[in-house]
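Consider the two complexes below, in which chain A is the common component and chain B and chain C are the respective partners.
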Partner chain A sequence: MAEQEVLLSIDARGIGTITINRPQVYNAYNADLLEALGQAIEAFVDDKHVRIIQIRSNGKLFQAGADINWLKANSSNSLEVNRSISELTTNTFKTLNECSKPLVVLVQGGCFGGGVGIVAAADIVISEEGVEFAITEVRWGLVAGPILTQLVSAIGLQNTRRFSLTAELFDANRALEIGLIHHVCPVGGLDKAVLPVFELLLRAGPNALNATKQLIFDATGTSLDDKTAHWIINQNASQRQSSEASEGLASFVERRKPSWYPRGKENDQNY
Partner chain B sequence: MTKTIDIEQDRRGIATLTINRRGKLNSFDEAQVNLFNDKLATLHSQDGLRALVLQGAGKLFCAGADLIYLRDKGAEPWEKNLADAKKYAAMMTQLRKLKVPVIAKVHGGAYGGGVGMVAASDIVISESTSSFAITEGRYGFTASIMMPYLLPRIGTRQARRWCLTSEQMSAKRAFSIGLVDLVVDVGCLDVALEKLLDGLLHNGPTSVMETKLAMNYLSYSIHNHTAVKKSVIAFAKGRAMKSAAEGAASFIESRKPRWALPAISLKEI
Partner chain C sequence: MSDQAVLFERKTAGIAVVTLNRPNVHNAFNDVMIAQLTNCLNEIATDEKIRVMLLQSKGKSFSSGADLNWMRAAVDNSADQNVEDAKKLAGLFHRLDTMPIPTVVRVQGPAFAGGLGLVACCDIALGAKGAKFAVAEVKLGLIPAVISPYLAQAIGASAARQFFQTAEVFGANKAKQIGLLHEAVDSAHLDSTVTKVIKSILGNAQGANRACKKLIYEIGSQVSEEFRADTARQIASIRSTVEAQEGMSAFFERRHPQWVEEK
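And then the complex of A and B:
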């Protein structure tokens, strides 16, 4: 039997834990992982015993975004297949972002691309110090459409403009400053740091929490509507099929600079 | 005639637009607005463009609109005033909608509409000694064209203060409220810029453009054309007010406007 992409557990207090479990590829997601993640959230939302949902991951790195090999294998596929991938991605992030129960995310090591989307979808995020973040999609010729709306909600438009266009690395302290995460703890300290958060959430009335969360979306108009989702899916799929994306993904796999990077420049600081 | 806007493009596809109206603090009059709009339209349709750097020549980045130009347009019939206001607003819209990232490189200061240009840019680097102020109110005008860009950048809470008081803020403060993304020591703008550009050049040219397009589509305030329309009307109305004429006169004559009360000493109270 294949290793499970996500592991689930519920403790006696009503904390449902989703552990992303593909450490051999830095927990990068493929279709199976996205499906399992979306289903896990839906199952926990439906489960009366679950009051709080936490997402964490196994291994050194929290999450490396989409599995580039999976994207690469599919970018040459039909538009239909690519649309279905973009649809799955967009819908999974919508499920995460609009999950009606409190969502806590714990981050270690590093968090890139779609992983930043998981973080932006959470209500409360704790990260170990030294963790590096980056919205890396453009680096590989891709567009971060499925996570952009939540990013704008989480870190504001001005930070989204900068970090999603440059794909630069920023550390946990900078992530704290721009509001992507809420707390930085020492390495190895996630379990301890999250305890007071659970304690506070368990003191709060479960229905009151759900109603508050719903009201936040209603009052700010930040739920993803079908029309916008459709636009994102189309753009995301067609960009993945472009020659630029195939060059970008190839440059990742072959560990070289993409063809669009100006030649004759010796500045290698970003590699 | 000297050129009041310089454009250079290097072999990497990085264009640099320099606002160069030094005697007038790089302010914008009718001719400069038209020139700026033309240049941006040309850049937008140019192949091989990867990013635009926006900077000012001389002592400062940009002092916003030329008050004489504002006052004169305000005195024209409403339809003419409104038509011109649309052109002024088009500068910001074009910056926001330019297909490639816009990086504002600020030295000295940005005031009034100059802050609008900063807010409409994607990334803003500033020298630590630059100052910023939303000065419209000080001269009897209305800060409006910048609102669709300023509000998402610094939030309504900060905007209420700085737009209403016209206070001057430091680069450090501008950074802390989100108007500026990077503050560097004096003389280090180009080093910081090169580092940013190197990052940008690693990224897929089309995917960068598509990402900017997606952000423009997905962020409600820009998507919302009514906000831009309303800001144009407020701008045109503002400069037709009596206070605009008095404010412009006070500027020309280097005196306080009539409404500015002398400082009250404690004795008087």
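And then the complex of A and C:
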């Protein structure tokens, strides 16, 4: 049997833990991982023993976003196949973002592309110091569609405009400043740093927590509606099939710069 | 040419540099500048070769917003003409907000009122630490009508409630804190900061950047044509009031308007 993409456990306090488990590819997600992640959230939401859900991951890097090899293998596939990938991605992020129980995410090492979407979908995020973040999609000719709505909710429109268009790296302190994460702890200190968060959440009435979370979405109108989801899925699928994306994905796999990358001295000047 | 209100230059690698060029009036915009800037943005928007746009301005001030001489004169026009003029102003902000490519703005000095609106309509705002900001309209008997949707999206409802109504001056650090600026750096580092961000963008895929920009607009609370027209009618109406005319006159005469009690 292949190794499990996500590991699940529930402790006596009612904390359900989802551990993303593809450390050999920096926990990048493919279809199997996304499906397992969505199912895990749904199972924990339905399980009355689970009061709080936490997501963490094995290995050096929290999450590297989509598995580029998986995307590359499918970008030349039919529009139908690409739509189903975009649909799965968008729906999984919706499930994460709108999960009715408190969701805590613990981040180590680095967090890129869709990984930033997992973080933005959480209620409380703790990151080790020095962790690097980037919304990298445009670098590979892709569009971060499925995670953009929750990014706007988490870091605001202007920060989304900047970081999704530049794809630049930012560190945990900057992530804290823009509201993507809530607490920075020393390297190796995630387990300790999350204790008081669990303590507080366990003191709260479970039904009150769920009702509060529901109200936050209803009051701010930040649930992903079907029309926007449909639009995101179509756009995401067609951009992945573009020649630009295939060049971007190829350049990633071949460890070279894509054809559009600026060359020459004129790019070193100030504008 | 020096009498151009807006300068436009295409740099290598697909960079469009747009420079506001009325430094002697703090880059305030009148009808000429609004038309030139709108035309220039239209040209950039239809040029497939351009990958990123930099908006900047000449002189010490970034922009002090709408030219009050022009605003004040609106009362001399017919009601219809007044609204049409205001719609052109609203159209400029809409044009900038919906550019199909990433837009970077270099804020080297003060940005007031509509000048702040320009900043809020760009994707990435990089400012000098010494830059000052104010949503100054109500001080003059006006309202931040046409810029309000963009500014409120950028700084959030809470900060909008404060700064729209107090018209107080705030610094670059505060501007960064409320989300108007992405970076507030020493003047000496402003150009290198701009360069770094533009380089990041040039390293990305052009089609994806354009698609991403569309998506950002789609998921943001898009400003409807109806609402834009309504903001234009509001500014057209208020700038014709006795109160606003007094506020703008007081500004030019360097005195307090009547509603400020002399101490």
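Here are a few things to note about the model shown:
We take it that the second predicted complex is superposed on the first by the 264 of 271 C-alpha atoms of A that agree within 3 Å, B and C clash if a C-alpha of one lies under 4 Å from a C-alpha of the other, contacts with A are read in each partner's own complex, and residues count from 1 in each chain.
Heads up, the rule we're going with is that a residue touches a chain if its C-beta (ideal position, glycine included) is under 8 Å from a C-beta of that chain, and two chains touch if they have at least 3 such contacts.
Just so we're clear, the structure is a prediction, and the values are computed from it rather than from any experiment.
With both structures placed on the common chain, the touch criterion links A:Gln239 to chain B and to chain C. When the two complexes are overlaid on their common chain A, residue A:Glu137 makes contact with chain B and with chain C alike. Of the two partner chains, neither chain B nor chain C is touched by A:Gly188. Using the contact criterion defined above for the overlaid structures, shared-chain residue A:Gly205 touches neither chain B nor chain C, since it reaches no partner. After overlaying the two complexes on the shared chain, residue contacts for A:Thr149 are found with chain B and with chain C alike.
In the superposed pair of complexes, A:Trp260 makes contact with chain B and with chain C alike. In the superposed pair of complexes, A:Ser164 makes contact with chain B and with chain C alike. Common to the chain B and chain C contact sets on chain A are residues 137-145, 148-149, 152, 156-162, 164-168, 228, 231-232, 235, 239, 242, 244-245, 247-248, 258, 260-262, 267, 269-270. Of all the residues in chain C, the ones that touch chain A in their complex are 11-13, 15, 17, 54, 102, 120, 123-125, 153-154, 156, 179-180, 182, 191-192, 194-195, 197-209, 211-216, 218-220. Across the interface of their complex, chain B is touched by residues 137-145, 148-149, 152, 156-162, 164-168, 221, 228, 231-232, 235, 239, 242, 244-245, 247-248, 257-258, 260-262, 265, 267, 269-270 of chain A. Of all the residues in chain A, the ones that touch chain C in their complex are 137-145, 148-149, 152, 156-162, 164-168, 228, 231-232, 235, 239, 242, 244-245, 247-248, 258, 260-262, 264, 266-267, 269-271.
Within the complex formed with chain A, the chain B residues making contact are 11-12, 101, 122-123, 152-153, 155, 178, 181, 195-196, 198-208, 210-215, 217-221.
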